[in-house]
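There are two complexes below, and they share subunit A, which is joined by subunit B in the first and by subunit C in the second.
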Partner chain A sequence: MTVQLLSANHAAALAATLAGRANRTGRGFCSGVYPITPSTECAEYLCLQEIEKGRVVRVESEHSAMGVCIGASASGARAFTVTASNGLAYMAENCIVAASLRLPIVLVVANRTIGPPWNLWTDHGDALLLRDAGIIQLFCADNQEVFDSVLAAFRLAEDAAVMMPVMVCMDGFILSHASAPTEIPSQEQVDRFLPPAVVPHRLGQGSHTLGQIEVPHQTEVHRLQHHAAMLGVPERYAAVQEAFAAVFGRRMPDALDTYRTEDADALVVSMGTIGATAERAVDILRARGQRVGAVRVRMFRPLPAEALRRVFAGRWRIAVIDRDVSLGFGGVLWGEVRALADTGAVVQNYLAGLGGGDVRPEHIIGMLDDLLPRREAGVPELVEAG
Partner chain B sequence: MNEPLLGGMAQTALDRPGPLLRRGNTNCGGCGMSNLLQMLGHAAADRSLQLMVPASCAAVCGGIFPFSTFDAPTLMTTFAAGSSFASGAATVARLNGEDTRVVCLAGDGGTYDIGIGSLSAAAERNEDVLYLCYDNEIYGNTGGQRSSATPSGAVASNLPRGKAEPKKDVLAIMAAHHVPYAASLSLAHADDTIRKLRYALDLSGFRFLVVLSPCPTGWKSEPALGMELVRLAVRSGLYPVLEIFDGKRTVINIEPDFSDEALDMYLSLQRRFQRSGVNAAALRPELDRLWQDLRARSGRIVPARRGV
Partner chain C sequence: MHQQSQAGLAETAVLPAGLRFPLEVRVHGRGGQGGVTCAKLIATLYSQMGLSVQTFGDYGSERTGAPVAAYTRVDRTTIANRNKIYHPDHLLVLDDGLLGAQVLSGAGQGALLLLNSRRGMAGFGERFPHCRLGVVDATSIAREHGIGSASLVIVNTTLLGAYVRMLGLPLDVLERAYASLGLEEDFAAARHAFDAVETREVADAEAEAVEAVAPSAPVAPLTGHFADTPPNLLTGAWSTQTPIYRTQAAPCNLACPAGNDVVGFIQALKSGGADAALGILLGTQPLPSVCGRVCPAPCMHACNRKSFDGAVNIRSLERWIADHATLPPERRKAERPRRVAVVGGGPAGLSAAYHLAVRGHEVSLFEAAPALGGVLRNGIPVFRLPRDVLQADIDRILALGVQAHCDGRLGGEEVRRLAETHDAVIVCTGFGGENALAVPGGELAGVEQGLAFLARAARAPETVAGHVLVVGGGNTAIDCARTALRCGAASVKLVYRRAREDMPAIGEEIEEAEAEGLRVLAHRQPVAFTGEGAVAAAVLAEVEAGAPDASGRRRPVVSGRTTTAPCDKVLLALGQRQELDLLPEGWEMRGARAWRDGTALAVWFAGDCATGEGTVAHAIGNGRRAALAALANLSAATAEAEPEPGVPVAPAEIRFSHFDVMPPHRDRQVAPLARRENFAESNQGLGGPEEADRCFSCGHCTLCDTCLFYCPDAVIHRAEGGYRVDEDYCKGCGMCVAECPRNAMEMREKGS
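This part shows the complex of A and B:
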């Protein structure tokens, strides 16, 4: 174990490199990559690594980047790619195919506003486009978490009971371009954590077709199998956490990351780096004697609904911060979690940091000041964080 | 080897135990892609194949889960990304020291139109992929809409008056990528086609093959006349049968006789050309220019029609 000063882009690429090398005794590693800000440096870093029994293919589009990953994964290799924003939108068709073919591909997304307006800064709207595609989605709050999540994503994706792509999300620039000391395990440790990938339905020698026509009742069965596998992910994730701790000697955050919630009267729920900022806001408010806590939804798909229900039980004031907006509805996270609160609880949505606005502790304190006197929730509120 | 008995299609000891395209498939009678797959299966013999099939009639032909029409591992790809899926599969085969030939089997829509970006990129990267385009000159699977492979004068289901623009020269485009091998195949000349398929199967790097593939349903022609139509297209010079090595050396494999009679016969046997009234006299000047250019590129100045 060494500590290196790395941006999250480089940390993600280093994790993919170690995972790729770990499959040298399996069917190897293959990655299709295409540049887009703010994920470019991840792909660049990967292209500079020597990976035994591995190849990085510099393709002509994000659509093809995922296409290469699908071809490789369907041939039994470990596969990885990275993108952001409109690149993810362009890749979307093949992301859905990767999911429906149940291929354990790991995709890192440096979250960025989808344009127009052309905007390079972070927004979760890109990843949330693929909410319903059958892809596991993890949102990270710091660089170490990005590194750990990429390694864990391979183990989770390749779990025989899971067998589907995992998307690891990091806020563009805030994480992708910020350097932080990151604990890097040895190759030997990664080899122990990631045994050779096995894709049981990979193309072999016999006649076998992947992705063919199905009639309605077959489609129904396959969709429900995928859905059931998704619902089983929180349990498999807990097993991955244990294996992670056993090999690397540190704990990876839970699917639902809670902070000072035990005796809290009010909660603030968010995803990504806003979750880390919310912890600072909670500390400030606690110092003033207000009993508030923070909840970070790290795993957005599948949504850890039971864990959310448990943490929401008995809380009457819940602020949900969305760095996204489903136009004509409100925050996507709010839409997902509001039904999990107790009947009569005030679950108020705040849209903050859209298009990359800098959400600081004072913004979150402002939201709680607005929330606490409320008797009922209103329409989603826009919080301008310029 | 018993060739060229039966036009190169004679059985040999190395042949596959069963056909690559199995019985019970859903292809229309007289489909050129069916003929092509029989020839590919024969040419491949005991070589190991993997098929990558973008959306097309071939993807439908592949069969309904859990049955497989093709006697080879097959991955159905997205419409635009056949070459990318194939690049990934071929990469992993090479990384593992396997000699599997990854064959991308695509229609003209997946090749000339929506797939040309990923095709061009895979060719430029010289991926170890054999790309096989069966060109029926329309979007046959969706009911016969125009593609950029549709020839001028042909009607399509979304083009009732016939196409004004000429067909895209995809072979020239692919040859301009300097791929190791690019060729056009005639289903009516089985020995030449089998030879090219074998050559392409055993070559490494990107190989591009395009095949004029009769579609009785879309061409509005008699299913039994498919081979005859291809023969007429080759004979008249409408469909040049050639191969291009490394984008440099061009070899014309079958010499046409440039018969206007053959060309008029080709056009009149398909109802798709009826409406526009296109005929040999209208097409000949452009064909003459095309062949002049081909002669110059092949370095064999033997014009069949002197004075052109």
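This part shows the complex of A and C:
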């Protein structure tokens, strides 16, 4: 175990490299990559690594990058790619193919606003495009979490009861380009955590095709199987957390990460790095004597609904911060979680940090100042963070 | 000033006094200066003290030259928040041109402000009284230590030396940090800045800190938005450097002993055809048909394309130009025509005569042999240099009015008279006698000098029977071998005392000779010839490679191991002596000039008689320089300067990625067995001028538009046969310089 000062882009690439090498006794590793800001450094770093029985294929588009991963995974290799923003939009068709073929591919997304207007900075609109595709989605709040999540994503995706792609999201620039000390385990530890991948339905074992045409009933059953597997993910995630702690000696955050919520009257719910900044806002408000807590939805798909219900129980003021907007509706996260609060609770939506606006503790304090006197929730509020 | 490490911190921890946590550091610079890395280096520094760190850049869509900020947050506990830094405790500014309200915003009472500036502390007067101020000229220091690239100086690692000094930390903290990052090479510059930084404590504790932050620009509705960038944002003001176009010496040009503008004639061939190219060639030398056939082409050994996909076939391009151009040289009018005598009609004499005549002077050329040409006519066989080709080059010189006087060998007395009756005399009589081989049996019939054999073969058909042994490794040796093969030799072996790759002969010539049947015996030397009356065998000793000599080649050491090779003829090609037998009584040669009684005479020496350099190209260059020296001596006002040598463009300075791999066009050769049958020219030269397309044009702009295409701001425009850079909008990113395929641009600091 060493500690390195790494950007999250490099940390993600290093995790993929270690995972790739861990499959040297299995059917190897393959990654199709195509660059797009702010994920490019991850692909670049990966291209520089020597991976035994591994291959990084530089292709001409994101669509093909995922195509390479589909082919590799369908033949039993461990597969990885990285993209962002409109790149993910272009990759989307094949992401859905990968999910529906139940291939355990790990995809890192350096979240970036979808354009136009062209914008380089973070918001979550890109990943949320694929909310319903049958892909597990994890949103990270710091560099170590990105590294850990990529490693864990392989184990989760390749779990026989899960067997589907995992998307690990990191806020563009705020994480992708920020450096922080990151604990890097040894290859031997990673080998123990990630046994050789087994894709039970891989090609090349007798006559067998993937994704052929089906009659309605077959598709109905396959969709329900996928849905059931998705619903079982929180339980499998907990098992991965335990295995992770046993091998690496540190705990990976829960699917729902909570901060000082035990005695809180009001909660602020968010995803990604805003959740980390919210902790600082909670500290400041606690110092003023206000009992507030922070909830970070780390696993967005499948949504840890039960855990959310438990933490929402008895809280009457809940601020939900969305770094996204479902146009004509409001925040996507708010839409998901508002029904999980107690009847009568004020669940107010704040749209903040769109297009990469810098959400600071004072913005979050301002939201709580707005929330606490409310007797009922209003329409989603736009907070300009510039 | 520093306190000892505290419990819980890493063992190396030496925490500076007076730090409050969380500590927030903001770095301002321009894209490309290394601001983001600077913040990361600061994070490394604090991380090594056992503190938690977080560091990130504030990235924009602007590229190099645009203002950028980077941040480092330091704390004793885990850092949660991920927002930017608005109230920095430490503010580092990599470029003082950025100083303004926005950069200074939020820096409160007692903030540390470190500026990279050439202006020194005095240049800031009473400004920033609320800050602890440090000023250092990191740019000059970094440049002195060679940090950065040809297009940009990187100042971050240097500036940190000054930062560490302001923190009151010992320098070894930084040394360790740089060692851990593999930046050992940058440490000397940091030490320099550590010593050089000027500092000032807070001058006025009551002074008001600048707090103003520029308001956000109003956002227009997308559907009603017509204008993009404000038209008056002159981004050129951001830059400290600007690109310039400048010509740099090409290695081929520097390597050419004749002083040819190789890049010039190849590019002229591409753009203006053979006549245009010949015009450039005739500026330096009058024998392009000759050099295009027999030059060992040092230009091709120096060619930067050699390390890419093979040197440009420059020799054959010169031949192609000479064979296809029809342009006669134009005799210029001399302001004051001089009378000059040139003694010797070989390449040096022809060159001197040409350069004098083309400048409008009156030239008498004296040659001992019945026809002009010297070694070109008597030494080089016709299958390498056909006589009509040689004559065409000579006729071009004579057409300028040169008066040739052949078939008369001059002695010292005649030279003295020429000096009295002419404004200047140039003596180019070539080498003296041939080097002999002092071994037993050297006097046997059938052992003779190769040059004598070649001269005989050039005059009349010569028949050779039996086995021939050639001794030597130069072009004369190869010429002897190939001539002997054509004259009917049953076999020809060449004996050379060093390795085959050490042979001075042109590589292609050796290969062609071997294709015709020559066998090269390297590491051999004859130690005796035997035979009854006539030579019948040579005793060849094995030669070992000893210690390197002054030329870098390994000194041959003759061993006692010998073999005997039967032979019927031995041709010696061991080089020639430099000697001058026509110096009049009382004259001496000093440098390349004649002196008498301590006085310099208007008599110059050129070519092998003066230098012994031994190639046609050297003789041509030497003849020209002697002619120009003689003219300059007669009239300083019209003296022509030779181009400055300069530093040649190196292969690493060529952007290979801009060029496609395109192997050289080879000369067309007559099949070896067919060409052995006669004396017709065996090398047919290039099939066309396409080889010119392979020239990188090192250091010489070809108007290829790469700079224009790569400029991210579209500020480079075609203008006046070149380019114009719009400095109002050039951000000085250096991308054009970095992308120039041929190193014909560089970045200059503004105002320098």
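As a working rule, the second predicted complex is superposed on the first by the 385 of 386 C-alpha atoms of A that agree within 3 Å, B and C clash if a C-alpha of one lies under 4 Å from a C-alpha of the other, contacts with A are read in each partner's own complex, and residues count from 1 in each chain.
The criterion applied here is as follows: contacts are C-beta pairs under 8 Å (C-beta built on N, C-alpha and C of every residue); 3 or more make two chains touch, one makes a residue touch a chain.
Since we're looking at a predicted model, the values are computed, not measured.
**Student:** Judging by the criteria at the top, classify the pair subunit B and subunit C on subunit A as clash or fit.
**Tutor:** After superposition on subunit A, which the two structures share, subunit B sits beside subunit C with no clash.
**Student:** Between subunit B (first) and subunit C (second), which, if any, makes contact with A:Arg55: first, second, both or neither?
**Tutor:** first
**Student:** If you stack the two complexes on chain A, which partner ends up touching A:Thr182: first (subunit B), second (subunit C), both, or neither?
**Tutor:** Touch status of A:Thr182: no partner.
**Student:** Based on the superposed arrangement, let me know which partner A:Leu120 touches: subunit B (first), subunit C (second), both, or neither?
**Tutor:** In the superposition, A:Leu120 contacts subunit C only.
**Student:** Have a look at where A:Pro361 lands relative to subunit B and subunit C in the superposition and call it first, second, both or neither.
**Tutor:** Second partner only, subunit C.
**Student:** Of subunit B and subunit C, which one contacts the greater number of residues in subunit A?
**Tutor:** Counted on subunit A, the partner with more touching residues turns out to be B.
**Student:** Answer with first, second, both or neither: which of subunit B and subunit C does A:Glu93 touch in the superposed model?
**Tutor:** The first partner, subunit B, only.
**Student:** Who does A:Ile174 touch here: subunit B (first), subunit C (second), both, or neither?
**Tutor:** The answer is second: A:Ile174 touches subunit C but not subunit B.
**Student:** Which of the two partners, first being subunit B and second being subunit C, lies in contact with A:Arg280: first, second, both, or neither?
**Tutor:** second
**Student:** Aligned on chain A, what is the least Cα gap between subunit B and subunit C? Give it in whole Å.
**Tutor:** So the smallest C-alpha gap separating subunit B from subunit C comes to 15 Å.
**Student:** Shared contact residues on subunit A for subunit B and subunit C?
**Tutor:** On subunit A, the subunit B and subunit C contacts do not overlap at all.
**Student:** Quick check: in the complex, which residue numbers of subunit B touch subunit A?
**Tutor:** Interface residues on the subunit B side: 48, 50, 52, 59-60, 62-65, 68-78, 80-81, 83-93, 95-96, 117-118, 120-121, 125.
**Student:** Would you pull the subunit A residues touching subunit C in the complex into a rising list?
**Tutor:** 5, 38, 117-118, 120-121, 141-142, 171, 173-175, 177-181, 273-274, 276-277, 279-280, 283, 358-361, 386
**Student:** Enumerate the contact residues on subunit C facing subunit A in the complex.
**Tutor:** 36, 40, 43-44, 47, 52-57, 59-61, 79-84, 86, 216, 222
**Student:** Which of the residues in subunit A come into contact with subunit B in the complex?
**Tutor:** 27-28, 30, 32, 53-55, 57-61, 63-77, 79, 93-94, 97, 203-215, 218
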